[in-house]
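For reference, chains read A, B and C in written order, and residue numbers begin at 1 within each chain.
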């Protein structure tokens, strides 16, 4: 069985195609792995029978020679993606009994290409969080935990933990301010947030509409390329969807990065980052230099304002997006005599603390008398942040930054909301500018916890991003398996 | 407790909670108020930025709003629409009575 | 209470003097599109609740809006018809509030940058004068669903069929000065909308509704505090509601009180407005640009293209009818009220007497249709046949009186006038010899009256004419009869 689990997606894809293994075998191996790693809490809804059914169908297709690019590959789906007939809760009490009658575009793309669904993965409630501690059904544990349970990061903590613990070959996540990249870094795997508009948002529970993007969490850059090939694509049901073709990303894996310019933004190294991370960052810079890239110091002067901008815009949009959870047409309802009481009770009990906090902030910054000072101001500074990137990309091809200021922390350690928000400090700027970013694991710190390094590219430049990410990945050669992984 | 600069107080929090239709238990109100104040104080640093000649960012996509042809392509799915309703009757959603 | 003598429309007489009304109207017009503004569900629906609802309309998790091109075109078209500024770039904003018929918890509308800016229209007043009313703006927004509150003691029932239907909100400037002006304004807007086909203007069914903002002031003073009367769905109610509200406000102010700015409903049974029984906290709608939609942008050339599709509008048509067809201003006003009327008239009057055609349409045709309760579009008399009738009258083939009988026949049998005249032998007799024969008969049978007439009783001529006409079964040419009689009775 461990042979099966040792196969990354790209290898499994080949083996399946060559009929060296079957999807049913592979899926069974993963179902076993899920059982073995269940204490991590990554899955909140396992779909054993359905997965095996899908695997059987995939095997049929492979035998008939009509296999799709992801035929038979078992993946996990973050519970923010609406899956038809399969409970979708956004890890919230308020949706604890919601069965969508429709499939999100991104997951439909994956099923169309033959992927097999293992189940729904836990996340922070409504994708709001950086530690997967706000899920209604409980925390997810980082498979790199030794004696003390550590956070896998968030909000796609379940997705990252599943991939890192080898209880999913790949997983879907959503990234609004770092929710794919940060947990990928904490769990020692690859996480890719594409350009805003690359993947359709139709059928994904909306958190912050101008920031949300779906993306893959995988073991390798190659796996991420394969996943994004399937996930991405124009959707006319999403007005913000980009009508642009994306070439086969796997064809960019081995392209040389000689002569490419890598920007090192000075604002991303500052007090408060762990020394280990700084070390790995410097090593990464050297790796890219050795591969023929030109290293250029750059400055993105408004970087420090990205976090405050994010914590105005995201809650504001969320406060409006979450207004539909009112107990009228779906979700849980708390009975009351008046409609307003019903709303207040339903939402007061259905939403967790972090969600309520963000709804409150969002409502406040949009409210009469405060809109200009907060929301409008934030949108203006957002433009300046984007312009910093636009200007920089006139002179460089990519930016290299740490993914996070620290490695995984203990569950329950960060009680203060604001301290928790600081986790996103390096991921939020690219989100605000709508740029693609990828986090790849480069090593373990002294405590044995994974360190992730981020690469950011210009809009819709995922192909070249894949090239440079793959180069760095090869140089870093990080091949350690998490202690808590299924073997 | 710490020196939290008070931007919002409990009466304001009550007003906001009302606008957002969230019932906050009394015992949580002070903590929530503190949390909100911390966050608001944090985001107030945006005042350091000169935005006098800056337009707000409408979207990051760079494309125009796509227009759809006027055709009926949807609807007639009452069962699906009502499927997850906590309470429905004769094709209607049912809620506690509203007095206008 | 109110001494309406010597008061102009829009004036209220109070104890302290004469008050003027200041009125602004917000008209909500449902666009006659096939599908909704942001979803592909049908915008016209039958009686089954929630049958015309998509997942987007029901605000399911993950649903997104996609805008309907036709609706955008209608907004631009309407803006052009209102002589208004078209904004090539506009933004959709979310208007956030909670209500059971608002599934998203927000309405997609336009707040800061609407698709159409300032414009104006000219309206006709009852006294024959005209006045210009300014348009503040026109924007696109979603309609809400329907709630039934009276079916059950403790529950309300929600139907989302209407949720998401495209509305154009047309906001006037506070230029309206009387309930009658308000009625004329709504009538004109409705007419324009029907002309361009953007909205069917059916107020009973709710395709067109108006909210009225009313305040009062003494002449020369600044505007007073206004109240909004919501959801008036007939011109009669609009006029009543405004009058009642203005009087209410005058009473309050003169009693020493202040007008509380609030939203009110018009109670059709009492004829008065009453406060909407919602909680005191004013709505804070927290408008912000909808992040699921990009700014709406289009080019000048597209606007020009749309302008090219505009039909001739009422004002222009009216001028043309008066100038080219020789009909009165008043008659022209009636004809241009509906595009269907004008289209009918232009076809009917083609090549025949315009004035006569207008008279017949307005007096005879409209009258007959009303009497028989037939809708104009179902008129048994077609424009072509009416034109034929007019031609027969003008040529003297039949008299005006006989024509009325022919017309009645046409209404019932749908036959052409020529056919009827032929069948019934109704041709006017204009032959001198034939008429003389009749005149001779009448004269010989009424010798005593002839003596009286010759003796000075001139009025008796009418009697003789009548007798000849009767003898001819109305077919004799009355003018000729008159002439020949006069000659014969010398």
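Definition applied: a residue touches a chain if its C-beta (ideal position, glycine included) is under 8 Å from a C-beta of that chain, and two chains touch if they have at least 3 such contacts.
What you are looking at is a predicted structure, and each value in this text was computed from that prediction instead of being measured.
Ranking A-C and B-C by contacting C-beta pairs places B-C first. Of all chains present, the one whose mean CA position sits nearest the global mean of protein CA atoms is B. Ranked by separation of Cα centres from chain B, the top chain is C. Averaged Cα coordinates give chain A a centre that lies 23 Å from the centre of chain B.
Averaged C-alpha coordinates put the centre of chain A at 58 Å from the centre of chain C.
Note on chain placement: the centre of chain B and the centre of chain C lie 42 Å apart, centres being C-alpha means. Chain contacts: chain C has residues 55, 58, 66-67, 98, 100, 154, 156, 158, 284, 286, 291, 293-294 touching two or more partner chains. Within chain A, residues 98, 101-102, 210, 236, 239-240, 319, 323, 326, 328-330, 337, 339-340, 343, 363, 367 each touch two or more of the remaining chains.
Shown for chain B are the residues that touch two or more other chains, namely 19, 21, 59, 61, 63, 65-66, 68, 77, 80-81, 93, 95-98.
Residue ranges on chain C touching chain B, taken from their complex, read 33-35, 39-42, 48-56, 58, 66-72, 91, 98-100, 147-149, 152-160, 265, 276-278, 281, 284, 286, 289, 291, 293-297. The touching residues of chain A, counted against chain C in their complex, run 82, 88, 90, 95, 98, 100-102, 104, 201-206, 208-210, 236-240, 316-317, 319-320, 322-324, 326, 328-330, 337, 339-340, 343, 363, 366-368, 371, 375. Contact residues on chain A toward chain B in their complex (touch as defined above): 97-99, 101-102, 196-197, 210, 236, 239-240, 242-243, 302, 304-305, 307-309, 311-312, 319, 323, 326-333, 335-345, 347-349, 351, 356-357, 359-361, 363-365, 367, 374, 376-384, 386, 416-418, 421, 432-434, 459. Residues of chain B touching chain C in their complex: 15, 18-19, 21, 58-59, 61, 63-78, 80-82, 89-100. For chain C in complex with chain A, the residues that touch the partner chain are 55, 58-67, 94, 96, 98, 100, 103-106, 154, 156, 158, 284, 286-288, 291-294.
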